[in-house]
Amino acid sequence: MAGNSFGTLFRLSTFGESHGSAIGGIIEGCPPGIELDMDFIATEMARRKPGQSAITTARNESDTVEFLSGIFKSKTLGTPIGFIIRNKDVKPDDYSEIEHTFRPGHADFTYEKKYGLRDYRGGGRSSARETACRVVAGAIAKLILKAYDIHINAFVTQVGPIKLEVPFEKLDLNSAEASIIRCPHAETAQQMIDYIEIIKAEGDTVGGIIQAVIKNVPAGLGEPVFDKLQAQLGKAMLSINAVKGFEIGSGFDSVNYKGSALNDVFEMRDGKMVTTTNHSGGIQGGISNGMPIVFKVAFKPVSTIMKTQKSVTKTGKETSLTAKGRHDPCVLPRAVPIVESMAALVLVDFLLLQKTIETSTS
Amino acid sequence: MAGNSFGTLFRLSTFGESHGSAIGGIIEGCPPGIELDMDFIATEMARRKPGQSAITTARNESDTVEFLSGIFKSKTLGTPIGFIIRNKDVKPDDYSEIEHTFRPGHADFTYEKKYGLRDYRGGGRSSARETACRVVAGAIAKLILKAYDIHINAFVTQVGPIKLEVPFEKLDLNSAEASIIRCPHAETAQQMIDYIEIIKAEGDTVGGIIQAVIKNVPAGLGEPVFDKLQAQLGKAMLSINAVKGFEIGSGFDSVNYKGSALNDVFEMRDGKMVTTTNHSGGIQGGISNGMPIVFKVAFKPVSTIMKTQKSVTKTGKETSLTAKGRHDPCVLPRAVPIVESMAALVLVDFLLLQKTIETSTS
Amino acid sequence: MAGNSFGTLFRLSTFGESHGSAIGGIIEGCPPGIELDMDFIATEMARRKPGQSAITTARNESDTVEFLSGIFKSKTLGTPIGFIIRNKDVKPDDYSEIEHTFRPGHADFTYEKKYGLRDYRGGGRSSARETACRVVAGAIAKLILKAYDIHINAFVTQVGPIKLEVPFEKLDLNSAEASIIRCPHAETAQQMIDYIEIIKAEGDTVGGIIQAVIKNVPAGLGEPVFDKLQAQLGKAMLSINAVKGFEIGSGFDSVNYKGSALNDVFEMRDGKMVTTTNHSGGIQGGISNGMPIVFKVAFKPVSTIMKTQKSVTKTGKETSLTAKGRHDPCVLPRAVPIVESMAALVLVDFLLLQKTIETSTS
Amino acid sequence: MAGNSFGTLFRLSTFGESHGSAIGGIIEGCPPGIELDMDFIATEMARRKPGQSAITTARNESDTVEFLSGIFKSKTLGTPIGFIIRNKDVKPDDYSEIEHTFRPGHADFTYEKKYGLRDYRGGGRSSARETACRVVAGAIAKLILKAYDIHINAFVTQVGPIKLEVPFEKLDLNSAEASIIRCPHAETAQQMIDYIEIIKAEGDTVGGIIQAVIKNVPAGLGEPVFDKLQAQLGKAMLSINAVKGFEIGSGFDSVNYKGSALNDVFEMRDGKMVTTTNHSGGIQGGISNGMPIVFKVAFKPVSTIMKTQKSVTKTGKETSLTAKGRHDPCVLPRAVPIVESMAALVLVDFLLLQKTIETSTS
């Protein structure tokens, strides 16, 4: 638990500072013989890329992934997949101000306390730039899940006060990609975009909520006690920058039900055991039950704002700071592929773990 | 990630089915030379014990911990601490009904799907009985934290519709123990108890919210990227039976703020760098900043209710089930020490990890 | 790597001091549905038991295993198997001498340096008594291997100067059990026993070599680079008390060959690809090739001798020590089932890991 | 245990095929604030480099390490150190022969069996080229050990029949670097070189033995039971290509001693507790005792020889193979820095683990 690896059998380890020469990672445990669709990987990277629309940061990174190993004749070898992404749009900015002063809401202060020194340029290791590596691994995980017909859809359900009020079952979730905010309801999407434009004009930032729905997960994934499926999904999501909350199924709203109303009773439907309702979000006792897995993730507003804020220097002098540079007014649209990627990593890992149980008994 | 261990350096591994002969565990990585206060451990066990009050289950377990190793002349040896807790109040009940029928909201169905067989007596491994082992390890972790003057207080802030409206800063958190529901505001506590009595009389169950406040955590705990402090705390909490949501600091409510309002700006107070507000809940970039760590955990109502519910049998026949036996109408009061225990495990593990960083540079 | 666990998917964690109330362990990752043959487990325990013959220690332990979880109706559940073995023949000896003085060749000094305190009674955690737990897990691992028709035979090939000169291919390896020294060649076995009797009469001790042969291991087990099959087998053996050396295949003798003589060339035999010779000991590039896996393990003489030896006290005074009590003149016969058990743990773990590769490609 | 990572707190993960675009790795857990001496790292790389002398392969690789992260202003940040080494001297050879035929002694057959496909160019992942990454991490580990005044010296003690007969205590171990075979006794070194020249002229290969001596290791390193210091060192060495045996201290020779002769008795020397002899090789009960750590590693002859050998094709046809290209007649001189590097990784990991014990008690 040194902090830079995720997963047990399907395992991503990453490295890289925001303004160093490159970020990158190693994907271990990827099964051999998988055809890697490089166009799909590039498409996923483009969904997270800065500068993709008017409501994201103007930082310009091509985010081209260079794969260095583990692939031969376009198929995975079963050996580790090493990859790097060069940091290109690194400006020779004057970082002297944040070298000596801690930005509010950022990890400047805590990294300094933890390590005794830090790469202060653009947040260094604490920058959300590292999430690009998660999307690389997530894209490969999705290719594995595709063979099981498992599909993950994340989408924005709230931006500041603007909420998607239509339940996801009534929406075409794939339509989320049609809007730059990635909300699958066109009218709400437009309201969200308008709201972000206003916030951006104010030099301020805003947070929101992303929901994820995963279909066709077989019953049996997840491990008992400490590695319950919702526990690992929760950890995965809470490891994403700016995430402040996670809930599975009916989540915090569960408090408003009695047990008799919340329990998902079983019934037979088309010859299959299913639950009539899905308050549990597809998980019981930490293990998937075959129903859609449904969860929500809360993101706080981005800490970097274009307004002057109070702060202190490393030597304890009170001062004030005003951000320079290019930042996202709202991180939600770019966070959608990151949420999906982390969910994909969790699922592939549990799928591989389950192989060791199922095949042993047969 | 086989599901039965938690932690890296300070590591708890557990075993045991609800109605087997015993549950137990191994605590690895406990530093040597720690005086084990057996009275304190017994007190912690009593806080989780069934049958402790009128609003908990009547199952009668003395929950006496037998320590088998790792302790010599009342001090820890640094070697693994093995312990067992015998299951005493195991009734020769007729379990034939749940042998063949899946209880709604329980793990019967998912364990059957995962393993192909299960110990159906009282839920087996999926029963919350295993949390007794977490409290054993948590009590020892608290003894370690005490040496750092770190204190954890969890308490109930909501039961069904009854909410604690007073912010925790204005309450004596230690007073929570004075009420059987473990809410530190006497009047609200009584309302919660009254509500649970009504629900119990209906044969129904109810959920709620537990908040935790941890004081004096030094800045620097937590690891970057994947093992952020909130990610590991979130996993710890989401691994507890019946937990459906976790939020750190302002959590889901963060969505209602702009960045300029949510950012915790730094100031000097009594010669120390602190943040003026604590929306972040004591964590920035995944690492503690020295402010109180504050989080909330949502519990759904207990699945076992005294009402008839629809279900299906293992062979796919629709049927109905009515629970027998002794169950909690509301799990919240007994969950308070479990939340504290899991938080203690997380913190001790990160404290030990931080030793490897701090002492290396000196 | 806190030292008390072994394995990744099939994982044994142990606890216990030699003269505490019990030793025990947890076996995680055991596949569900396996019929546990309790007689077989007891037989394996009896092979390691003290007091089994005239050439082993007279310490009298029944070594009865109490299984506490993970088993239901005599089948494994897939959940962790917890077990304990009570320490019965614990004499209220006067340990004051070794409390203050370090026994030569023992871990008294190093444990004191590592932890700052120790349970000095009979070596505490450093005693070979903990290997009883390895045999419990090893017996279960053997039951899993049996389903794959994989068989492990370890046997004694050298005791002091007495060597087994006949190559194992010409012997009935199962006949090793017929002699109390566990050498599969009756005449050599008797010479070994005679030699140990002499050494015992001198109050001295002697070491030796154990060879292991594993048949029917499928090609493909082991992982590249750091977790090569021979690396993990080597670690497993070198973790056993008194082991000083490990070699795979032709081992140290490889130095005496040129590449052209040592290379195992491939040929077709009965329609199967095999190697003509087996200098590699069944492993190439760290991965099994389907030939028998063959390795040797060197054991030093037991440190506890019935002769007076020089030593120093905790406070640095030179002194002398004479062992009291009951000890093995030669640990080899009792080490045979331990070697087999550790090999079984390694193989089951790699078998389960390989499931995640093979089934993914189909 | 997916095979591509080594270590718990100080952890190296590597990737890369021999003839892919690059190899590389991530070093996690390197303490912050360490000044990285790039000249030292380059010197270490040069010791392992192909083409360094007349008795090594002529493959020409500059083996320039490009560090991508974890370093700022020439100091370590505490964050992961990512690095790559481009594969430059990759010839567009005709590999069609080994695409279809398994080379004797190589991993071609076992990788094919394990993964169902392989990168056959130069051995792919199974090539010893990956050990370059170990030397990068080992060099950084050595820089950490230097601060503790811990020094590792490995050197060649045997090549084929040529043995170094002088005990290491009587030699200047640093003088090993003066000869291209890395033997610290000039006369023996020359005999070894002459012997290798003969073997090379024959188109054959030869193995040998490397000894390592580590001075100033503090007492207390290593973990009980499964992660004993000799077990982890043994695993580290047995994970190196071509290694067939490992022994600690008196190793296999222990068999020739009685306990009374082999036991290392304690005495006071210059006010310090030491052992009079060091048969144990500096480790008791798996934990360092402050005496020099001494071990030996056996290497088989390189499998690639310039002679025709029998083999079989993937489709099971018997055939013959003659190696082309550039290969080492004896891998020993280049293996010396690899042995030292692996030992350094083990020691730093245990040093960091010990921090969590020692500082906790104070």
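Side notes on the structure shown:
Letters A, B, C and D mark the chains as written, and numbering starts fresh at 1 in each.
The rule we apply is simple: contacts are C-beta pairs under 8 Å (C-beta built on N, C-alpha and C of every residue); 3 or more make two chains touch, one makes a residue touch a chain.
Computed from a predicted model, the values in this text were never measured in an experiment.
With steps allowed only between chains in touch, the distance from subunit B over to subunit D comes to 1.
Taking A-C and A-D together, the chain pair joined by more C-beta contacts is A-D.
Subunit A and subunit B have Cα centroids lying 26 Å from one another.
Averaged Cα coordinates give subunit C a centre that lies 26 Å from the centre of subunit D.
Spacing of subunit A relative to subunit C, judged by their CA centroids, is 46 angstrom.
Taking the mean of the C-alpha atoms as each chain's centre, subunit A and subunit D sit 39 Å apart.
In subunit A, the residues that reach two or more other chains under the touch definition are 2-5, 9, 14, 29, 32-33, 78-79, 114-116, 125, 224, 353, 357, 361. Residues of subunit B touching subunit A in their complex: 1-6, 8, 14, 102, 104-107, 109-111, 113-116, 125-126, 130, 158, 160-161, 199, 202, 204-209, 219-228, 230-239, 241, 243-252, 254-260, 262-268, 271, 273, 275-276, 279-281, 283-290, 298-305, 307, 309-312, 316, 318, 349, 353-354, 357, 361. Subunit C makes touch with subunit A in their complex at residues 9, 29, 31-33, 78-79, 144, 224, 352-353, 355-357, 359-361. Subunit C meets subunit B in the complex at residues 2-5, 9, 11, 13-17, 20-26, 28-29, 32-33, 66, 68-70, 72, 75, 77-82, 84, 114-119, 124-125.
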